[in-house]
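For reference, chains read A, B, C and D in written order, and residue numbers begin at 1 within each chain.
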């Protein structure tokens, strides 16, 4: 399927590893020039060179925390007129309700809401003017089923979900779409680390720890990052211009609710 | 993007025209052999020959009401082991609450629920056994925002939505996904007919009648059938196996709700 | 809290036992004259005499299947101008997807949708004209989280949910509200029977079978029918006239979703 | 209906006027001792004396911004063991997406999330221990249908919605419920002010400005604060202990969605 985006330009926040990296792969394959971002220079460098080697597109790297103004500046220097933006970032740590501090809440809000909003304010007008934009945020399955210990995540990401939904209504008439992907349990470094933590804390084998992760997924397996990347690529396609304001769950069919 | 379904086989209910036909186009292009179905022989014949001319896949036609056992028999004769099924059918007519009769309700339930369920019962076991299945139902945006005069539609399609959601939980572990597409206002013959009705009833021009249709769509235009077809094609892809139990709205960003 | 409905008149379908009976108790206590209905004459008689003994209101009984026209006639003979209607009925039996037959689906649709709609068509115009109506349907928590084996329930009740939502939009301006209650696991005869079935099938004690029922309820207990009845009474109150088109879950806080 | 809360104690944030004040009235009438809070001393004094005159319960007033630690201290001094808490506060101003500043976002987050969370952390453990708690947050209908210019509201209140839903799962087993009320267009001072603003900006009469407010409400009228107060009172009742984690819309039936 021709996605109709060859030659387009994308900025992908937090894309040096994991799901963000998979998103980069999927659209680079479709001919999109990309700006990779991550906090660790080595990861960014690796991603840039591997992507350059594999795909005939321009690949640039910007190192730094994607919720800051300086990194926004660098990203827009590297790509002043992005057609595609991936909003992504590391999720906050599990914290029970009684230990939710103001500082941690504020930091999570900065990461999940203030940073992304301020970045979008700089790219949306151009997308509207050029009549093409594809904005996709990586959120979490938990925004629809809040887990008590993940308040730092859903307590801020739900706010972004609302803001993006509002924004989507204003810009869809200009062929700028705004959607969210809600992943649950993909086979990235994060799940591997979590399995190792479980190994130690419960004294189980790696395979047992992995089996536990899979137990909550109706598909009976973890998701593959390339599946996530291709869902992103589809949402970025030219022919997805009539699809906006949606939150697509990529969770192995695990969500229990009707809608 | 390679959807990984070349050589697969699909049965598409109510696919000789409109959105169903667009779905057929999008997967035939990806190398899927297809069975076209429609109530009018001429429409089916036209679709079959046009699709055969355009794509290097096997195309078969089955004429008849897709909610009946006889047509199910014929469809399964034409394609005993479908990998992909499109559930589609003509929507019922607008009817205000006070004129909802038992007969019309029963007929709509037969079309929207009993027929599709009985067909799926015949194809799901094979999909599960072969560990590949992609079931997509064309529902309506109105199932999430019920319009008082469309009870025959949402009053039965919501039932199917529930049954499909339940089914999805049972089969996703076997790489059989079940999803819904919820369209609103695509530029098909139906919208053209409706515009003509409005022309006559309101004494307006065709362009005015069309403008009225578009007024309720945030995208500022009707959807194109090929956009619908490509959304279907993506849901049928090999790499969409982790996406199940979802109801994806294709409505030009018009849905007001957060989820 | 004065509910402002003393002297009002109510027809309560399937109210001789269980949750329906509890609803009758709660509004009889508030001075509402009531018509009790149930399939078993002895149950109806008992309910009528107990309610008459306890409350200073008129209590009438109508025996029969509340989805039939004859019973509707009898109910409206007993109370030609109801202000309050409870839609209730026995839920269908668990049935796996592959054994969902057309006959069982049609019967469930008749019970869950066609019967209630035809009854409402006879009472809504009067409510609109008199500018007071409170319609409450007892649905099931499963309409929001479909359980694969309960398709006969959610596959029809979701249809009613849609029709009632549509209806609510048309009538709220006339002070006629339409809401649903979505119960999960109340301590009625049904749960006791189910516990006895589990005792036999699993060879466990009654207490163990009950513990299993409670395990899925976040409140750590079954609901009490009087809690259900009082929720119904609140929805019927004069001061609930601004609350319509809602589906209120009474499930011990068990629903996982955000909305 | 006896709500079973006579003698209970409540802290109501932002309750000197409007909807908060109505909530105070409704539970004072049921015999609940109350602590009133507001930013303006005169308003708090008036509320306290009027409530004291009308109801035979203890009424205390605490002046100040309810999202601050100092006011939390004063509230808990006045009522160290609250059984009931109303979370309420003035909503933020309309702001279009392109003018959403970090400062305004942070301030809204402090008001809508950080303040309420830090207050709840101080009262929930006691509720759990005493095995009775009723927490109700006044949110907004817009959290379910985000309006582009109200991002400061839904962009933070949705976060609280998620946190409260998570919290509800942890505490319902201890008879502590957590629910939200989602109002739309109640006849409070705020709507009157907004009507006056519209008068000036559009050069229309007060009645025309009011008619415009009502136009978006399916009930054909604004809600009455006492209706809101009584919904709150019901959620605080002893018999509402099985109802938790819900977001009840009080919007004159205006919400378009099925759930």
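As a working rule, a residue touches a chain if its C-beta (ideal position, glycine included) is under 8 Å from a C-beta of that chain, and two chains touch if they have at least 3 such contacts.
Quick caveat: nothing in here was measured; it's all calculated off a predicted structure.
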| item | value |
| --- | --- |
| Far-end chain from chain A, centres as C-alpha averages | C |
| More contacts between chains, A-D or B-D | A-D |
| Rounded Å distance, chain B centre to chain D centre (Cα mean) | 44 |
| Separation of chain A from chain D, taking each centre as the mean of its C-alpha atoms, in whole Å | 34 |
| Contacts with two or more other chains, residues of chain C listed in rising order | 143-144, 146, 154, 158, 161-162, 165, 169, 256, 258-259 |
| Residues on chain A engaged by chain D in the complex (per definition of touch) | 97-98, 100, 102, 105-106, 109, 113-114, 117-118, 120-121, 124-125, 143, 146-151, 154-163, 165-167, 169-170, 258-259 |
| Residues on chain D engaged by chain C in the complex (per definition of touch) | 1, 3, 26, 29-30, 144, 161-162, 165, 168-169, 172-173, 175, 177, 218-220, 223-224, 226-227, 230-231, 233-234, 237, 239-253, 255-256, 258-259 |
| Chain D residues within the chain B interface of the complex | 143-146, 154, 158, 256-258 |
